[in-house]
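Before anything else, here is the set of structures, which you'll find just below.
Below are two complexes that have chain A in common, paired first with chain B and then with chain C.
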Partner chain A sequence: MSEITKEILDRMIDGRSSWEELVAVMRADKEPDRFAKYREVLQERATWRDRILLPIALHLCIVQKDDGARVVKCDCGHEFGDYRRNWKLSARVRVRNTKAGIDELYPHPMGCNPEWMELREYFCPGCYTQLDVEAVPPGYPVVFNFLPDLEAFYAEWLGEKI
Partner chain B sequence: MRQVEILGIDAGGTMTDTIFVDTQGRFTVGKARSQPRDEAAAILHSAENALGYWQLDKAAALPGLKANIYSGTAMINRLVSRSGRATGLVITKGLEDSLRLERAVQVWLGQSYVDRLHSVTHEHNTPLIPKKWIRGVRERVDPLGCVAIPLYEADARQAVRELLAENVEAICICFLFSYLNPAHEERMKAIALEEMAAAGRSVPLFLSAEIHPFRGEFPRLNTLIAEAYAAEPSRRQVQLVEQRMKESGATVDLRIMASHGGTIDIETTQLSRSLVSGPIGGMVGARHLGRELGLANLIATDLGGTTFEVGVITGGQIGISLRPVLDHFYFNLPMVDLSSVGVGTGAFLSFDEYSRRVRIGPQSAGDRVGMCFPDGGCERPTITDCALITGILSPDNFLGGEMPLSVERAKQALDAQIASKFERDVYEIASGILEMQEAKMRDELRAVVLGKGYAFSDYALVCYGGGGPLHVGNYTDGLGFEDVLIPSWAAAFSAFGCTCAPHEYRFDRSTLLVIPPGADDAAKLAVARAVNETVASLAERVQREFALKRGDSGEITLSAIVRMQYKGQVTDLEIVSPKLMLESAADVDALVASFEQHYAEIYTLSAQFPEAGFVISGAAAVGSQRTTAPTLPKTARGPATPDPKALKGKRPIYWKGTFMEASIWSMEDIAPGNVVGGLAVIEDPATTLVVPPGKLVELDEYRIFHLRDARG
Partner chain C sequence: MDMKSKPPVGWNGTTLKEMLAASERRFADTGHYQGLAELPIADRKPLLFERLHLKLRGALVSAREVARNISASPIVKELGELCFTVFTPEGDSVTLSTGIIVHVHTMSDVVKFMIRNDFEDDPGFAPGDIFCNNDVLAGNVHNCDIHTIIPFFWEGELVSWIAGVTHVPDVGARTPGSSPVGPMSTYDQGLTIPPQKIGENDRVFRAFRDMYKRTSRTPLLLELDEKTRLAGCVMIRQAIENLIREEGIDTYKQFMREAIEQGRRSFIRRVKRMLVPGRYRVPSFCDVPWENERGHLPQAAVNTLMNAPLEFTVNSDGTMKTTLDGASAWGFHTMNCSPSALQGGMWVMMCQSLADAESINDGAYFAMDQHFPRGSWTNPDNPEAGTAHAWHFLWSGLNGLFRFLSHGYHARGFIEEVVAGYGTTTNILYGSGLNMFGEPFAATNMEMTGAGLGARGCRDGLDCSYAMWNPESDIGDIETSWELWEPMLYLGRTVKPNTGGAGKYRGGNALESVRLVWKSQQAVFQHVGHGMVHVNCGLFGGYPSNTGYRRSAHDTDAFELIAKQAPLPTNDHDPEHSQVETMIKGRHIVDDNALTLPEPYSDGDLYVSVIQGGPGLGDPLEREPAAVVKDLAEGHLLPRFAERLYGVIAVQGPDGAWHVDVQATAARRAALRRARAEESVPVAQWLATETPRVQNGELPPWVRRMYQESIRLSTDWGGEFKAFWGIADGSAVYEPAAKK
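The block that comes next holds the complex of A and B.
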């Protein structure tokens, strides 16, 4: 069990790891600096300069702007605004709530009944990457996936200044 | 002039071990590095090494051999490395994806406990037969053995034609419930023969009903495929070994150690029996020891580099499992029942930063020993490192000093990687880790013995394997075994065991015979007839296997084994039938009584449930032939006090929180009758026996140490 290097993490992000490499990572103990390493990898991959505070989904990070604002930012650079407000509210959305729309993804009868459940696909307005999908009953409020307590996470878990 | 009589071969992945036994029952062990491309060469090197200790050469020794037993890992490696023969499969239509679905369990079978718990580490095996070589044929036999859908012969013909066109080198045929009614498989075979004749190309056919007529569709399929895919192609390899041995002077035929604990000829029709043979030897050796010493109930414990294995011998019978797991596959073979836990002496130690605990294993250094062995290339300390640090193991006595170990390297690694995290000194941590490991072994013993409903006080424990004697004093502590036996040849015990195995075939068949509560004589006789029929057909097969051997001689002893359960329960028990053939209702009663007694011994008398009636779920015929087995050499007992020259010196050992002065003895200078009290270390080039404080060992006339409490 050798060290989990930044190169391995980089390959994992793109899904380029072999199964053997992936299993070795899953079996290994998680080293205390894993988060720091992961953040460095993401920072190096980013096309922009803002400091990453916390990745919150594939392609999405909470970043710190020069003026101190903390915003949700896509890989492409599109900014969704303050991280305490659900980023989905300013994303592009496609709702699949018809049988035809669901059948496009799931061959009959493997899909859901649109009267009971709909699929909401959220896209980045900057690059049109699909960022998230919700499967919820029709009328259900937009789900706010994750509102992190950044101060506590940095102070109490990482023992670092934010 | 010394005359050698038996040769045991263990052709492992890294080392090839051989053991020669002479007419007096004494033995010598040789080692050589394995050569996958030329197995025979490695065996002959190893044999030369062994004979060298007796100043014999192989030209003089080999012609006198009366038994030559082979065990090895070639077949299982062929499975694991997927380097078997291109095999086609004809299966009941609808089940073509069995090998990809793997009944779900195979995604975690054979994995470590941690990996089993986490579904992310579950993994599908690459199927032994790819989908393109699998054909479904419409047919159906129901669970009572009646034909529900006839065999669609057009499907059958097309399947064979297509597989032949794919150039497969063998074809397996496996239909549902064929063990109850083989008619469709047999018809399929006839059709395949016709089609092959028409195509002018012939490949071997393997039928599940012929090779493994067992209940359990998936393991039956696996076993069938293993036979066609891995075992059969290995036959040539073993034949080559036999040929080379004969060119070097041996006159006796080679036999292979089989998973049920007997040895079989290399011409056998069922070579997959020898898929696993290594760990079987120790159990057979323990049974042999028990017979020689008059002990019927034994717990055999084998502590090797990777695992701690426990097996049970009750009433002189080795426990047999019919559903063993090999690598990641479920099989349907009678195999010596062993349970194992990954706390061998080579188990890696790591510190989990999150839980702040030490973890033992499951990965292991194997023959790389640990940090103490600079050439091993390990990055983490192991159990062996801890044994060196506390001083129970001497750095100058590993493999007789051929492999000098560095205590300093072990200490540095354990300190840096673990002890410093706890801010404790390295001795305390090393000793604590050994206690953890020994506690895990005790837990395993409790699980095996108490879990089956047995009591420690009814069993004697036999300890062997390279690391066994080092830890036995602690892992048996407080359990209350009747006796604890440590053969002085513990390190070579598995190879020794192979040489004790009888020449024996065993064939099983699943049955479904019900004896209802209050059955009358007519019903019992009907059951008796059915059992007899099964046993007779299996016995005939046993006879045929013996007949395959050229120039065979010697009398075959046959016995019948019956698997029984209370109707409605799920666990069956194996009992040796009181008679080979059941001739009367009274014989059936005797069989039932024998089952009930065995059941009561395991699950207590009050658990008996005759009101439910009985089911005979399987029968087996076992045929064995008397072979030459080593007799344990006996020397008269001398005084209790060892010869002073046996005392090599003193050395401080860290023992549970404090340094103690231990006496160090030379094992070969300890004489029968001698008693050594703890804290003591008795050393031999191949093994180290530790006697804890408050305990003593006594060497008996067979050179077996008995460990017990000093005050008792």
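The block that comes next holds the complex of A and C.
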């Protein structure tokens, strides 16, 4: 594949790539400008104008606000606050910790035993998209999935100012 | 008295111990393997470098493909559970064949163990010598993986080590099978072969062969596996001899070192290209629910919940730190791991995903710093800790590695490489007794390699085709791999619906099989899976895959049905409306106890084996309704879950075809979003109600014990746990006085 274009990335993001196209992308060299193109695609698709610094999950990006704040933001526009604080602490949660709750998702007994594990569904308070599911024992602290080192990433790896 | 009497066999008159120490010193001083700041062959003569690399790698792959035909074990011959590799004199891997490449690192540890423990003096290293190991304390995952290692000499110097490994079907433990589940310690988990010399002049000592054959339930298969390993090593030795004659010994020596340094640099380049510096937390869990299991000694008859708080830090220089700090304690079972096993497990996963496929060797290992806390299941502080089924914790505990990488890939836009995780290769069927020929048998059915891969960044996961420990998974033919060895007929082997986790992209589904016990005597079989917890986790809003379950039927009318030529169940399909239970009369057992001891089975009994699917990715309400309908048509999804999981209202026409009711689907999805709003609370509110419950330890005893163990073994993890819940130091609930 000679070039992985923004159109190809657009199709990949929407899950519209053919298998042949996806295989070609997988086999191709991992090009150095992928991040720049990807961020452009995401920025063009965004319904808001804040500058995307880093996507951290489906629907969630760290963005730079006009006042310099760097916050986690959902595609719908809801903001979760400073990216250095776990965004889940500002989300809504539904905890499945009963047999009936688990059996809604899995034919019995193909789901976890709630005496051993619970499923925590984290929703965006703005659009109620399910952003994360934790499968953890009861009492497990909320997991902080990913804390990027933005400064090192931009300054040392990309050679750019944030 | 100085015991050093043999002349050194290292390069330029040095000992191997001196070579290893010098290598480690150069790396510590310079950050480059062997201090190689420049790579004269790789950089200035790239064609020569490629020629050397491809000839060596070709020899290894060729040796594997030829040697596997010596084996009679379906595990090696059909499934390809073997691997060969070449090491430097210090024990660092230069290149490898395909296969169970986890052992490229474990066998590296064995070579270094022999060097550090003065094997150069006793028993010494000479041309034609053969060494063997299966001991995890030296370097291994579990004792059914047996290593054969030979030194390669050129003009009096030990120039390379050549090593091969096969996964044997039975190790003569208290319970049958290759990875026995039932023993409680090292001392009843079967064959242990610490590193030792087992032959000279390319011939294995008869006493060694007699020893292991007397130990295993499958002596002939072990003997042929041993010949497989040695034959492969000798073929590789001949290939290296030819290579040195063609290219020169100095070129070969320099190439080995450059290949590893290039592998290290390549790995770091890939990290910087595809990931983001920062901290990634990807915990996993695993269950051993044995409190009510009769047949265990008291210390083993407990419910154990394993904590694997896996954390990665990608440093700004592209190196990586991994820690399992906070892991729970080792226990009296065979699922404990050695650091060598975990390092090998991480390495095999990195090689499938992040590492450059053409530069796979120990270079990646040199770019990673790893911590496995002493006393935990990741690094037991007691040699009694059993490890024969270390994979049970290993494939659970490392599941998060793909979630870590996928967070990085997703952030950088390499979404074609994103994968939510994998289904662990369970259920495993183990068994023993007398088979259909009236002969003793030991069953290790490895069709569990038909697990599901997790959903990917822009596509569903692979169905029925993934084993994290062997990138070339193969479920084996029913007739030649399994029915030839096990007194059980296959009534069916099909895709199991709903095993893959739900999501915008669903996890790959897995297999299930229904087996009919046939012409057996004194047969016992067991289920080995994860019934209580999901050992993987969805990504970005996807759900984990299925848990395992036990289903069997005893004292059945199966043979009467066969005599009447009546239909038989080919699968269990929907466990809430079981085909087995509907079609077969008898005593049915079904529960979430997926990790049993061997249980007696008689002719006509049925055994159901349900493998694990892969986890899902993304919000299930974002899944294309057409994809849901396709799943219904192809049997990947039970119809009632189309609405529950995906909010898709599908209607089946008179021709049996499924169609989406578009309007009803939109309405149902809107209703499910409203339900999320009504049934969820702000996390702060949930934590306010949860905190006193956790503070007071109002948790099942095995959950509370897991936290106690993690807190005891890690000040950092314990400190974070206590701070999160506002628990004081010295809590009587979580830090009871240490018991001896």
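The rule is simple: the second predicted complex is superposed on the first by the 162 of 162 C-alpha atoms of A that agree within 3 Å, B and C clash if a C-alpha of one lies under 4 Å from a C-alpha of the other, contacts with A are read in each partner's own complex, and residues count from 1 in each chain.
Criterion: a residue touches a chain if its C-beta (ideal position, glycine included) is under 8 Å from a C-beta of that chain, and two chains touch if they have at least 3 such contacts.
Since this is a predicted model, take the numbers as computed values, not measurements.
Three-chain overlay on chain A, with chain B and chain C in a clash. When the shared chain is aligned, chain C comes close enough to touch A:90, but chain B does not. When the two structures are aligned on the shared chain, A:54 is found in touch with chain C, with no touch to chain B. Legend: residue contacts after superposition of the two complexes on their common chain; A:131 is shown touching chain C, with no touch to chain B. Judged by the touch definition given at the top, the superposed model places A:108 against chain C, while chain B stays out of reach. When the two structures are aligned on the shared chain, A:64 is found in touch with neither chain B nor chain C.
Of the two partner chains, chain C is the only one touched by A:25; chain B is not. In the superposed model, C is the one of chain B and chain C that contacts more residues of chain A. Shared interface residues of chain A, touching chain B in one complex and chain C in the other, are 19, 26, 30, 32. Per the touch definition, chain C reaches chain A in the complex via residues 270, 272-274, 276-283, 285, 287, 289, 305, 307, 314, 316, 403, 407, 410-417, 457-459, 498-499, 502, 504-505, 531-534, 536-538, 540-544, 546-547, 549, 574-576, 590-592, 610, 617-622, 624, 638, 641, 644-645, 673, 676-677, 679-684, 686-687, 690, 693-694, 699-700, 702-704, 706-707, 720-721, 724-725.
By the touch criterion given at the top, residues 1-2, 19, 23, 26-27, 29-32 of chain A touch chain B in their complex.
By the touch rule above, chain A contacts chain C in their complex via residues 9, 12-13, 15, 17, 19, 22, 25-26, 30, 32, 34-35, 37-39, 54-59, 88-95, 104-113, 115-117, 119, 121-123, 125, 128-149, 152-153, 156-157. In the complex of the two chains, the chain B residues touching chain A come out as 114-115, 118, 120-121, 123, 350, 352-354, 359, 363, 379-380.
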